[in-house]
Amino acid sequence: MTENDRLGVGMVGYSFMGAAHSQAWRTVGRVFDTRVQPVMAALCGRRSDNTAAAAERLGWAAVETDWEKLIERRDVALVDICTPGDTHPEIAIAALEAGKHVLCEKPLANSVAEASAMTDAARRARERGVRSMVGFNYRRVPALALARRMVADGRIGTIRHVRAQYLQDFIVDPESPMMWRLDRERAGSGALGDIGAHIVDLTRFVTGQNITGVSGITQTFVPERPLDDGSGSYGEVTVDDAAAFLARLDGGGMATFEATRFATGRKNAMRLELNGSAGSLAFDFESMNELLFHDHTEDESTAGFRRILATEPDHPYMHAWWPPGHGLGYEHTFTHQMRDLLEAVGTDGDPEPSFADGLAVQHVLAAVEHSSSNQSVWTEVPRQNES
Amino acid sequence: MTENDRLGVGMVGYSFMGAAHSQAWRTVGRVFDTRVQPVMAALCGRRSDNTAAAAERLGWAAVETDWEKLIERRDVALVDICTPGDTHPEIAIAALEAGKHVLCEKPLANSVAEASAMTDAARRARERGVRSMVGFNYRRVPALALARRMVADGRIGTIRHVRAQYLQDFIVDPESPMMWRLDRERAGSGALGDIGAHIVDLTRFVTGQNITGVSGITQTFVPERPLDDGSGSYGEVTVDDAAAFLARLDGGGMATFEATRFATGRKNAMRLELNGSAGSLAFDFESMNELLFHDHTEDESTAGFRRILATEPDHPYMHAWWPPGHGLGYEHTFTHQMRDLLEAVGTDGDPEPSFADGLAVQHVLAAVEHSSSNQSVWTEVPRQNES
Amino acid sequence: MTENDRLGVGMVGYSFMGAAHSQAWRTVGRVFDTRVQPVMAALCGRRSDNTAAAAERLGWAAVETDWEKLIERRDVALVDICTPGDTHPEIAIAALEAGKHVLCEKPLANSVAEASAMTDAARRARERGVRSMVGFNYRRVPALALARRMVADGRIGTIRHVRAQYLQDFIVDPESPMMWRLDRERAGSGALGDIGAHIVDLTRFVTGQNITGVSGITQTFVPERPLDDGSGSYGEVTVDDAAAFLARLDGGGMATFEATRFATGRKNAMRLELNGSAGSLAFDFESMNELLFHDHTEDESTAGFRRILATEPDHPYMHAWWPPGHGLGYEHTFTHQMRDLLEAVGTDGDPEPSFADGLAVQHVLAAVEHSSSNQSVWTEVPRQNES
Amino acid sequence: MTENDRLGVGMVGYSFMGAAHSQAWRTVGRVFDTRVQPVMAALCGRRSDNTAAAAERLGWAAVETDWEKLIERRDVALVDICTPGDTHPEIAIAALEAGKHVLCEKPLANSVAEASAMTDAARRARERGVRSMVGFNYRRVPALALARRMVADGRIGTIRHVRAQYLQDFIVDPESPMMWRLDRERAGSGALGDIGAHIVDLTRFVTGQNITGVSGITQTFVPERPLDDGSGSYGEVTVDDAAAFLARLDGGGMATFEATRFATGRKNAMRLELNGSAGSLAFDFESMNELLFHDHTEDESTAGFRRILATEPDHPYMHAWWPPGHGLGYEHTFTHQMRDLLEAVGTDGDPEPSFADGLAVQHVLAAVEHSSSNQSVWTEVPRQNES
């Protein structure tokens, strides 16, 4: 392996997402044949002691406390952004302009304007061979990548219905404390942007279609929550606890979307069902190794939803892993993401989802917020030029 | 048993619903202890030969070809209306005015105005001791009656979310022929009124709450279909193939509804999920003997959605049937409906769902149609006075 | 309909099985086109007052308190035996000798000797045109009849494995009272004969093969139980609470069987799974409208167990019932049983399962008991001559 | 971290198990707080070129081609044996005698005699502070470790039934080639030792009980298979394709076991169900993040099998991983295994399962083989002294 085959990675942030990304960076080159091998060069965080401890634990070779320094490092060729959404634009644009490839966690940004600026920066950088990708990791669930393949192969025909839900329950308790995810300044929006963004992206990914318009409602069930500072006082929740919207696809289908943190008992139920003229597909992340498929072209006396265990060697990403029936977990979505990103970097390809894809999602979220603020009136989603 | 304990029934219509009602009338007095025993006095249909054959087969003692004659019969004390929606108002009002109890299939009528007139007639008749009921049979699924009881008992706390779907696929094939259910004149609406009505009613039944407003979309995927007359020509489909809408409940929760005949592979998937502050419930008619319940008050390390087989002696209606685990089927919902109606008649009680409940559903359906015709704008549902 | 088209039925016993049979006799002619229509002529029980009340409730025209009298009645052409197993031989043989068709509940008898005598009587009677059938009602679950059809059609190829379980839990509580089903004199055996008999019969029915040998164990977990007479004393449980056995089929496959009343939480989980060289089938009565099918001839990337809702018009018995997705319940197995019996009587056919089938099951049960009493030694099951 | 906190690992073998172990060794110290950090010192294989390539890919620092050399290495303190069963005794005993800790893949050996010798060696080594463990990785599925905890906590009471199955289908095709796993010399036995061993160990683990006796059958469905050498000739399959046996536990319960490679459509269905006097538990590895629990102490009107997602922070191993609902995969069982082993080494504890546990399993397998060769006669399993 020559120096050219190695890619120095610098990561910003090291909490939940940072830990998941680290596990993926450590693993990807050991499991997949990638042209480029990642080197975990440096980790960046605000406090040097905490960051150093995290770097040692997670396997990063060096530490920075200033993201601008991280970008400047000669051993960093790719910047992986795992911080809250409000910091994405500044870091990502600076990195791109410095000629560093960028992997940016979702949502791309907290507003269309920011996402748009980032997408422009990505486009300019691309002309200089710099790659960028937004971290919609669920595209890399083998069962969902299989679903996309089956849709593209015509296995379900013309899509009539999309039924997308992302159901969690981690703040059902009204005494669950205030956190940055509940603060519009930091997070942009609540369930809508955090988890709703995933099902919007997945719908685009699996169907290959765009959302043309929406009608939505949002709700904040618990308007204030105890601060985590021991003061006994409460902070205002400034984002939605739940969002629901209707939509139409440019292929003529209807869709319903729901994202909530108040679906008691549902832990990470990201569900997608598609009904087409020739068949149907259904998925629930709580059973992430399974894809349900109904083939409408079969004799109706033996037809039915079949449970495909998406662990066969021919299934996306699975040739590199274990024998059939030996399932994968959540973290593998990140390993697959890194694999696809490294592949694109190594072959001068365009990794997907692009920042333009991230912007497209942002347009949908903005349209939902506009509709929900305007009596749910039908709101067109601007048509994006393809990246 | 004295003459007073017997109730002569006259039924109008004998196709799908008529067959199901007949099976229920034959069975109810053999299984349940009802104060009043039904007598299957007369069946009414337009063609005398077909009606006579149906009557012999289904167990009706006499035949009429004119529903006005049926109402006049002295041996008919209750009129059971199983015809399409456009005929409901005239028959039901006439029967009520003639002092006959009425069971009317859903939807109550094809418009709010008609449903309103019927409700007025029912109110007037009630003052004379005449009873009326609308046939939302799914209220009598033991698992759903159990769900209502558990909600009323506070087992799921404050309701945050309702997720209601009624998914069928019987007209996915574009060459599936034209039928009365696809003609607005006869059916009033399509999936919305036929099956959407059921999930609106069930939401009201299980939650005990009203829907205060909606935002909706509807769609007709296949605008014309071959006529069944051998002519080779096509007829226009004048109703929706699918409808979806967002809603709010007067208890503060959000709801999503979807009714479609294009959910390929879903045969009769009437699904209801409720998420509350203390727990959740979920149901799918394709597994009608099961109710899923998540108890959020349990220790989280052993909590999870449990599958209650709604076949225990303590479950609604089940004391009269078979041992635990020996499930019921679709037709039993009608047997239970007749049992509750007979009980109400025998005790001078008010059977539920009343015509006022049917009207409340009609108001919701009308609001959905209004919204979908007006850019999905939020549309208030008029508040009904309780019956 | 002429007198010849009517078949007078006399039933002995009116508890659980009697109620289920009555519902079936009342329903069958209303739903199916049978050449012969049943007439519920007379009900026989020991106490005249109780029997009369049951007859009125269940719909029987007359009452007898002596089964010999019932057999003698000129309006009784078929005797339906719903009493405990120890009474089967005497009643059935007498009825057959009197020229009456017989439907006998399972197990056919409490011993091989008795079952053998009954089978001989059935053979002799058959020469005079008298029909007999044993009441293994689960053969009439549409999903299981479909399974048999699919096996016969070669859909699963050569059968390698049968995995059969019948799991109940109704006597898990050690204070649950003594009952006739726990008394060897009355019941013959415990879980083995009561529910194990069903899965033995179903294995023969679905596979079309015979069981050639077994190795078994049985166990009584609670050796004595409180008597139901208020005396405060306990009675000895003289039957097995659970039985398990290994078996081989004459087609070369292996099988495991388990029957128990101590499977806590399993209410009526009669499960059957078959693995063949070309596919697999799986069934659980707790979801009786579903059949799982894996087609091994499909491309492995889209193969998986599919859930067939056995409610399509082409599925066994379903043309007579409701639209797809509108499931049936436990009692319908009896309605279908009566339909098949009436069809056989009306066409001079041989109804199945025959008494010889009942005897074949009895031979298997006896072999299991022999093995379990002899250190589980492999015990051949005598090969029966076909009836 | 001092030198004392590091533990040099040498691994023998690098195919399926070796890859899984490597992923675990790379990950464990990054995710768990272990007192001792593993160092992936050297990989041993027969061919130096292949081994070197594997070492680079999997992350091992050095290469050996002779396992005796590996044991001698000063930087190797623990030997991880991932080769076929016939090589286990020699390597393991030599390593133990050389004072190296040993992790040995299952089955411990191919015979009781060998397993017994290994256990003796482990006992002797233990006196010198040398640790040993057998690799029954499924003990580390969080849902199964939770099951054990719940059994120990009395949540299901006295165990009446164990129902254990390990169902695969990877050699259903008779043209699937000969391999070492089908050769008695190399593998010891077939499905029985390969996968049956897992469910025997898990039964002991989850119940905390021993198996006292068995009655079994085995079968080889495809007696010869094409050799993989291109010769066109066939090799004899000298092991079982499937095994089934009945058993009793020393706590008074009954058990059924089945291990097969011919369960068409079942990919890795390792299933365990326990029925107790106070509740039941059920598990299927194909849905490895779920544990089903029925609590018999609840009111029967709301009782039912609940699906616990074993991803809560309080569940075994889960505090170190992702938020609730973000499941784990197959490989994590190995990471957890390494964590427990490192913990034991770091605290001078005794890792489980011990070689004595491996021997106990071997005794059961031997008893099954004895029984199946002797007309399934009941065969006592020798009582082991606890390690």
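Going in written order, the chains are labelled A, B, C and D, and every chain counts its residues from 1.
The definition used in the following text is that a contact is a pair of C-beta atoms (placed from the backbone, for glycine too) under 8 Å apart; a residue touches a chain by one contact, two chains touch by 3 or more.
None of these values were measured; they are calculated from a predicted model.
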So which has more C-beta pairs touching, C-D or A-C? C-D
Report the chain whose CA-based centre is farthest from the CA-based centre of subunit B. D
With chain centres taken as the means of their Cα atoms, state the distance from subunit A to subunit C in Å. 55
Whole-Å gap separating subunit B and subunit C, where each centre is the average of the chain's CA atoms: 36
So the centre of each chain is just the mean of its C-alpha atoms; given that, what is the distance between subunit C and subunit D in Å? 42
Where in subunit C do residues touch at least two different other chains? 266, 294, 303-305, 309
With touch defined as at the start, can you tell me which subunit B residues reach subunit C in the complex? 16, 20, 22-23, 26-27, 30-31, 57-59, 168, 170, 266-269, 285-290, 309, 311, 322-332
In the complex, subunit C residues that touch subunit D: 156, 160-161, 163, 165, 167, 169, 172, 215-217, 219, 221, 242, 244-246, 248, 252, 254, 256, 258, 260, 262-266, 275-280, 294, 296, 303-305, 371, 375-378
Residues of subunit C defined as touching subunit A within the complex: 146, 150, 155, 293-295, 300-309, 312, 314-315
